[in-house]
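Take a look at the structures listed below.
After this come two complexes, each holding subunit A, first together with subunit B and then together with subunit C.
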Partner chain A sequence: MDNTLKISFSGNETDREFAISPDRPLTKLDAASAKAYEANMRAGEAQDKGPAQPATQKQSINQKLFALVCAKEVCPKLNMIRVTKGFEKKNMMHPVDWGVIIWPADGKEYIAIIFEQPSDAPEKVMEWLEKPFTPFNDENITSFIKGTLPVLQKLHSARLSHGNIRPTNLYYKDRDKRSVVLGEAVSSSLGDEQNAIFEPIERAMANPYGKGKTTIKDDLYSLGVTAAFLALGQNPLFADQSLTSSVSVDALDARTHKHLYQRINFGSFFATASRIKVSPRIIYLFRGLLEDNPEDRWGLEELEAWATGKIPHVNQPNIHKNDKGVMYKEYSHTNLKSLTHAITEDYVDGISKLFSGGFDTFIKARIIDADSDTISLDKIVGALRSSTGSMKSDVHLARVAMTIDKRAPIRYKRISVMPHGIGTLTIKSLNDDEDVERLCEFVQNDIFSFWIQQDEKRQDQHIKMASLLKKHFLKQAFSEGIEKGLYILNPNLACLSEVLQNYCVTRPTNIVYKLEEALKKDKKIDLIDQHIAAFISAHMNIPQSWSAEVQLDDKDEKKFLTMLRFLSFTQETSSNNDPVPTVCDWFARRLDKNIIHFKSKDRKKQLIKKAQKIAKKGVLKPMLETLDSAEEKALDQQEFNEAQKKYVDLEKKIILTNKDQIKYASKNNPFGWQVANFVSFALLVMTIIMVMKG
Partner chain B sequence: MLFVSFVIPTFIVLMIGVLPSVVSLFTIPADQRIRVICIANLNLCGVTPYIYELWQSTDQMAKLSKMMVDPIAWIVMYGAASVGWLLYAIVPAAISSVSNTYLTRKTNRLRNKQSPLVAEFGDDVTKLAEKLTKDSKKTLKKMAEDQPGNRTPQSKKVS
Partner chain C sequence: MYYFVLIMIGSVSAVFLPSAVLIGCGILPTIAVFMVAEKQNTAQGIVMFNFNIIGISPHLFTLWSQGHTLPNVINILHDPATWTVMYGSAFLGWGFYIFMTFIIHNVIVLLIENKMNSIKKQQKSIISKWGSEVKAAATQKNDPQAVATNGFSNG
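The block that comes next holds the complex of A and B.
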C-alpha cells in the first residue's frame, strides 16, 4: 500500500509534486507548532504517477526533504513562503514549496510546507531551552554571524524578517558540528514560539500572541541572545545550574519573568551576557546587538562591519544611580518603565496602588532622572492627578502606562499587545468569550486611539488600523464583527468556521468548493455561518449593502439570501467555475421554509419551483437571480398594492353595509315605523271608503 | 238644537272611541311617539263605521245610547286600536328581519371577495384597511347607541 500523501501545489509556477510519509516522523525537525515528516519530490508532470523517488536523484535540490505539517490556526506566513521559496538555502531553511494536504489519521486538511533537511542526520544545536550543549568558540560564533548575515540581508531586502532566531531553531550542517544553519521562519505567525528572552524588552513585555510582526532590529536582538547562548553553551538564565533534563514550564517562565525585570532595570546586555567569558570582540557584538533602544542597536551595516573585523560604536551600559529602587511585587524597580510594567501586569492591585494617595510624590522622591529620554515626570504626575471623571480606572491606568512608557506594548487589563500584534491576539482570543469581551472593550474605550495620539509619527502608520478596529470589532452584523476584523488583520489565516473544521481554506474562491465537499459528507451542516460570511467579506470586495441590514441575531431566514449572494459571488469569481450541486441543493431545500419574502404566495411558489429546478445545474448565480429578481419584486409589489386597494374598497363597502344594517335591521328602525304607519293609514282609508259605500 | 242633536253625539263617540290612542299618546316614550299614528289610524278604522252609522240615524241621541250599551261596538273600536298596536309591533320587526338577512348576506359576499386576497398575500394586505375598520367600529357602535330606543337618558336629553 502506498502510504504517502501526494501534494501538488503552486502548480502555476512549478510542476512539482511531493509525497509526504505520515509514518516517518522526523521529531528532530519539529517546529514549535508543526510536526515534521519525511518527504520526497515526485518528478515530472502531474500526469507522472510513478513511485515516489528521493529528490536527490532527479532534482537540483541537494538535500533530502521534509514537510512541516501545520494546523490552520497557527496561520503560517504564506506571503513569506511565496517570496522566500526561491532563496538560497545554504544558511537558512527556506521553504521549497507548500500546499494543503489531507492527513490520513483524522481526514482533516493541513498546510504542509516542504523544506530541505539541514543535513543527512539533522540535529538541533539546542534541543530545549535549558539543555546544555558544547559551547561555540569565538571563531565558530563569528562564523555563525557571518553565515547568518547574508540571510538577514536578503530577508531585509525583501522587506521580511526572520522572527524565529534562537538556538533551538539552529541545526548543525555537518557531523563535525562546526557550522550551523538557521531554522525555518514560516510555520507560524503567532509569535508565541519565540521565548521572551530572545525578544527585545518591549516585545517581551507583550502577551505571547500579541507581539506582532518582527523587524530586522528584532532579529538582530535575537541574534545577539542566540550568540550569547552559543558562547555559553547553555541558557544564561540557568548558568548557575548544570541541568541534565528540562525544567518545568513554570520554572522557566518564572526565570524569564525575573530576567525581564532585570533587563528593564539594568539593560539587556548587563542582564543577559555581561558575565559570559568571551573575547572583547564578542563582548562588543553582545553590546551592539543587545542594546535596548532599537535606534542605538546595531543594524545590518554595523554587523557587517563587525564581521569584517571592525568594531562599530556601542553605547555605554546605562546603570541607574539609584540602584535600591522601589520594591513592588517582589522586584526592586529602579525606573518607571519597570514599575509601570509591574503595576499593569497585576492591573487590579495596580489600580489601587496607582490611585493611593501620594504615589506620585513617592515616585518623584525615589526615582530621579529615570528614563529622562522618554518621559517627563511632570507629565506623568499630571496624568496621575488628572480628574478621572467618568473614565474607568482601568482605562485611566492604561493611559497613564502609555504616557509613562511610550515604547512599551499597549496594556489594558490583561491585554499587553504591540500594535501589529492585535491580529494574532485576536486569533487566540476567539477561543474565550472573556478575551473577546476584553478585546472589544479595548477597542470601545479608545485605548488604541489614545496610544496613537501619544506620538505624531504613529498617525500615518496606525490610524487606518484604529478605524478598522472600530469599524469592524464593534459592529454587530452578519459578516461583520470581530470575525471580519480577524480575517482582515490576518489575511493568511484559514477560515475558522466549524463547518470547515476539516478543511484549510485560505482563499475565498475555494470556500464554495470546500463547502460542497463538506456537504457531501454531512448534509446536516449549516452554511449560514458568521465565520464563512466574515471570511468572504474580509477577502473579497463585497458591497457593504449586501449585509448592511442583516443583524447578527436575526433569524437564519434573513441571512439566507446574504449567504447565497456571498457564495454565488465566490463561485462566480473562482477561476474553475465548477458546479456545486450539493450547495445549491442545500439552499433549494431550505426554500420551502419561510425564507424568501414575496408578498404573493403564488408568485413565491412559482419562483421557488423555478429556483429548485435551476439548483440542479449547480450554479448559484442564476438561482440567486431568480430569488432576488428586482423585476419580480416590483411586479409582486405592484400586485400587492392593487390587492391592498381592492381590499380597502371592499372593506368600505362592508362598512357601509354594516351601517345600513344598523339603520334598517334594528327593530326601532324608522323605516319599519313608516311602513307600519303607511299600512295603518291605508287600512283607515279603505275602511272609510268601504263605510261610505255602505 | 242642531248642535245638541248632531255634534254632541259624534263628539262623544269620538272621545270614547279614540280613548286608546289618547292613552297611547301619553304613555309611549317621546322618541317612539310615531307609533301613536299607527294606533290612531287603526283606532279610527274601528270608530269610523259607528260615526257613519250615527250620522245615518235620525235620532242620534237614541242611537248613541244604544251604542253605549252595545259591547260589540266597544270591541270593534278598541279591538281596532289593539290591531294598531299589533301592526306596529309586527311590521318593523318583520322589516328588520328581512333587512338583516339581506345585509348579512351582502356582507358575507363582500367578505368572501376579501378572503382570496388574504389567502394570496397574507395578513399584510389588510393593514391599510385596519385603520378604516377600527374607525368604522367606533362609528357603528355610536350609530347603534344612537338608534331610537337605545339612547341613554342623557342622550335623549341632548337629542
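The block that comes next holds the complex of A and C.
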C-alpha cells in the first residue's frame, strides 16, 4: 500500500509536488517543535518547470529530502521560508518549499516544510546538550566559522537572522565528520527551543517564549558559544563531569540559571569559555563573539576579518573589583544588574527587599562601581523613592528594574519579555487565564510605555506597538481583545479557533473555505467565534464600525450579523470563487433567531425567506445585502415609529375608556336615574293632560 | 328657607285643605322614601314622586269636579281603590327606577366593553406585527415611576 502523502505546495508559487512518508520518521532530523519524515519530489517534477518559475527555484535538488511537520501553534517563520527557500543550501539547511498537509493519523492539517537532508546518513554534532562528542580542533573550528560566515552574511543582507545556532542544530556533512552544516531556522518562531546558554544575557533573562526576534548580533553570540562547545567537545556547564546519558531538565535548568548569574557578574566570556584550552586565535574569537555589550561584540565584518587571519579589536574582560558582592538568593551579586534580576525573579520577596528601609543606602555602600558609566545611582534612588501612594508595589518594582538595567527585558511579576517577544509570549499565555490576566495588567499598568520613555531611541521603534497593545488588549469587544492583539503581533500564526482545530489557516481569505470543510464534517460547530473574528479583523482592513458596538458578552444575535459580514468580506476578497453552500446554510438556518434588527415581523419573514433562497447559491454577500439593506432598515424604522405612535394613542384611549367605565358603569350612574326621571315626568304630564281632558 | 317653605306649604294647605288632605295621604310612600333614602340619592324619590302624583291626580280632579270639600275627600278616601291606585303607582315608580337603572347600567357596560375590546384588538394586531418592543414607548409614558426617575416628578 502506498502510504505516502502527495502534497501540492503553494500552487501559485512553485507548482511542485512532494510526497511525505508518515511511516518513515527521521528522528535524527527532528527539530525542537517539529517531527521529521522522509520526503521526495514527485516523479517528473524534479526537472526544471520552465520559464514560469523564478530563477531561484530552478536549482536542481540533488540531495535526499525530508519534511518537518510543525504544529500550527509554533508559528513557523513563513516569511523567512518564502525568502530563504531559494538560498544556497551548502552550509545551511534552508527550506526547499512548504505547504499545508493533512496528516493521516489524526486528519488534522499541519504545516510541512521540505528540506534537503544534510547527508545520506544524517547525524547531529551533539544529540543533546549534555552529551559529549569528539572535540573540534582549531582548524575545524575555523572551517566551521568560515562556512557559517557567508550564511549569516546572506541572511543579514535579507534582513534576517538564524536564531537557532547551537551544536544540537549542527549536522555533519560527511562521514569523516570534518565539516558541518547549520540546521534549519524556520520551523518555529517561539524561540523557546534555544537554550539560554546560547543567548546573550538580556535574551537569556527573558521568559523562553518572550525573547522575540533575533538579530545578527544575537546569532554571532550563539556562534561564539557553539564554537566553545565544539572546542570543548561538550557542554561547558558540565565540563567537570563526564556524562554518558542526558541529565534531568531541572538539573540543566539549575546549571543554566547559575551560569546566567555568573555571566551577569563576571561576563559571558569569563563564565563560558575562559577555561577552554585552545589557541590564542580561538580565544580571541570567543572574546569577540561573547562580548556582552552588543555594540562592542564582533559584527560580521570583524568575523570576516578574523576568518582571513586578522585579529580585530576585543575589549578587555571587565572583572569587578568587589568580587565578594552582595549575597541574595544563593548568589553573590557584584553589580546592580545581577541583584535587580534576582529581585525581579522572585518579585514577591523582591518587593519587600527593595522597599525595606535603607535599601538605597545599602546599594550605595556595597556596590561601588556598579556599571557607573551607564547607571546613575542618583537616578536609581530617585526611582526607588518616586512611588506615589496609588502606585502598586509590583509596578514600582518593574519601573525601578527598568531604570537600573536598561538593556534587560521588561520585567513585571512573572513576565520577563523583550519588546519583540510580547507576541510570542501572548501565544503561550492564551492557554492560561492567569497568564492572560497578567499580560493585560502589564498593558494596563503602562509598563511597556514606561520602558519606552526610558530611552528616546525607543520612541520611533516601539511607540506604535505600545498604542497597539493598549488599543486591542484591553478592548473587550467581539473581534477585539487579546485575540486580535495576538494575530497582529504574530502575523504568521494560524487561526487558533477551536472550530478550526483540525485546520491550519494562515490566510484570512482561506478561512471561509476551511469553515465550509469543517461544517461538512460537523454541522453542530458554532461559527460565532471570537478567534475567527479576531483573526479576520487583524489580517484584513475591516471597518471599525462593523464590530464597534458588539460587546464580548453580548448575545449571539448581535455577533451573528457581524460574523456574517466578516465571512462575506473574506469570501469576496478571496481569489477563489468557489461557493460555500454549507456556511451559507449554517447562517440561513439561524436567521430566524438571530436577525433582530428588523422590527416588522412580516418584513423579517419576507427577507429571511429571500435570504434563505439566496443562500442556496453559496455566496454570502448577496445574502448579507438582503439582510442588511439600509433602505429596508430605514423603512422598517419609520413604520415602527408610526406603529409605536398608534399604540400610544390606543393606550390613551384605554385610559379614557377606563375613566368612562368608572363614571358610567357603576350602578349609581347618572344616566339611569336621569332617564327614569325623565320618563316618569313625561308620564306625569301625559296623565295630567289626559285627566284634564276628561 | 326651609322654614319659609314649610310656612308656605302650611298656608297653602290651610287654604286648600281638602286637596292637601288627599295629597298628604297619597304622597306618604314618597315621603317615606325621601326620609329613608340617603341625602345624595334623591333620584329614586323623585321618580317615585312623579309616579305617586300620577296615581293621585285622577282623584284630585274628581275632588275638584265633585266639590272641594272635606266630606268629599273623606268619601274618596273611603274607597280602597283610591289607596290602591295612589300607593300602587308609587310602588310602580319605585320598581321603574330600579328597572331603568339596571337596564341603563348594563347597556353602558356593554358599550364600554365593546369599545375596550376593539382597542385591545387593535393593540394586539400591532404587537403581532411589530413585537412587544412597540409597547416600550407607551409603557414609558404611562409609568409614573419612570417619569420620577427621569427627574421630572412633581414632588
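To be clear about the criterion, the second predicted complex is superposed on the first by the 626 of 694 C-alpha atoms of A that agree within 3 Å, B and C clash if a C-alpha of one lies under 4 Å from a C-alpha of the other, contacts with A are read in each partner's own complex, and residues count from 1 in each chain.
Just so we're on the same page, a contact is a pair of C-beta atoms (placed from the backbone, for glycine too) under 8 Å apart; a residue touches a chain by one contact, two chains touch by 3 or more.
Keep in mind that this is a model prediction, so the values were computed, not measured.
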item	value
Touched partner set for A:Gln476, first subunit B, second subunit C, both or neither	neither
Contacts of A:Asn431 with subunit B and subunit C, given as first, second, both or neither	neither
Contacts of A:Gln444 with subunit B and subunit C, given as first, second, both or neither	neither
Which of subunit B and subunit C A:Lys659 touches, first, second, both or neither	first
Touched partner set for A:Glu651, first subunit B, second subunit C, both or neither	both
Touching partner for A:Thr134 - first (subunit B), second (subunit C), both, neither	neither
On subunit A, the residue positions that both subunit B and subunit C contact, one per complex	599-602, 640, 643-648, 650-651, 653-655, 657-658, 660-661, 664-669, 671-673, 675-677, 679-681, 683-684, 687-688, 691-692
Of all residues in subunit B, those that touch subunit A in their complex	32, 34-35, 37-39, 41-42, 44-45, 48-49, 52, 84, 87-88, 90-97, 99-100, 103-104, 106-107, 110-111, 113-114, 117-122, 124-129, 132-133, 136, 139-140, 143-144, 147-150
Contacting residues of subunit A [partner subunit C, same complex]	599-602, 640, 643-648, 650-651, 653-655, 657-658, 660-661, 664-669, 671-677, 679-681, 683-684, 687-688, 691-692
Residue ranges of subunit A touching subunit B (in the complex, touch as defined)	599-602, 639-640, 643-648, 650-655, 657-673, 675-677, 679-681, 683-684, 687-688, 691-692
Complex contacts: residues of subunit C adjacent to subunit A	41, 43-44, 46-47, 50-51, 53-54, 57-58, 61, 93, 96-97, 100-105, 108-109, 112, 115-116, 119-120, 122-123, 126-131, 133-138, 141-142
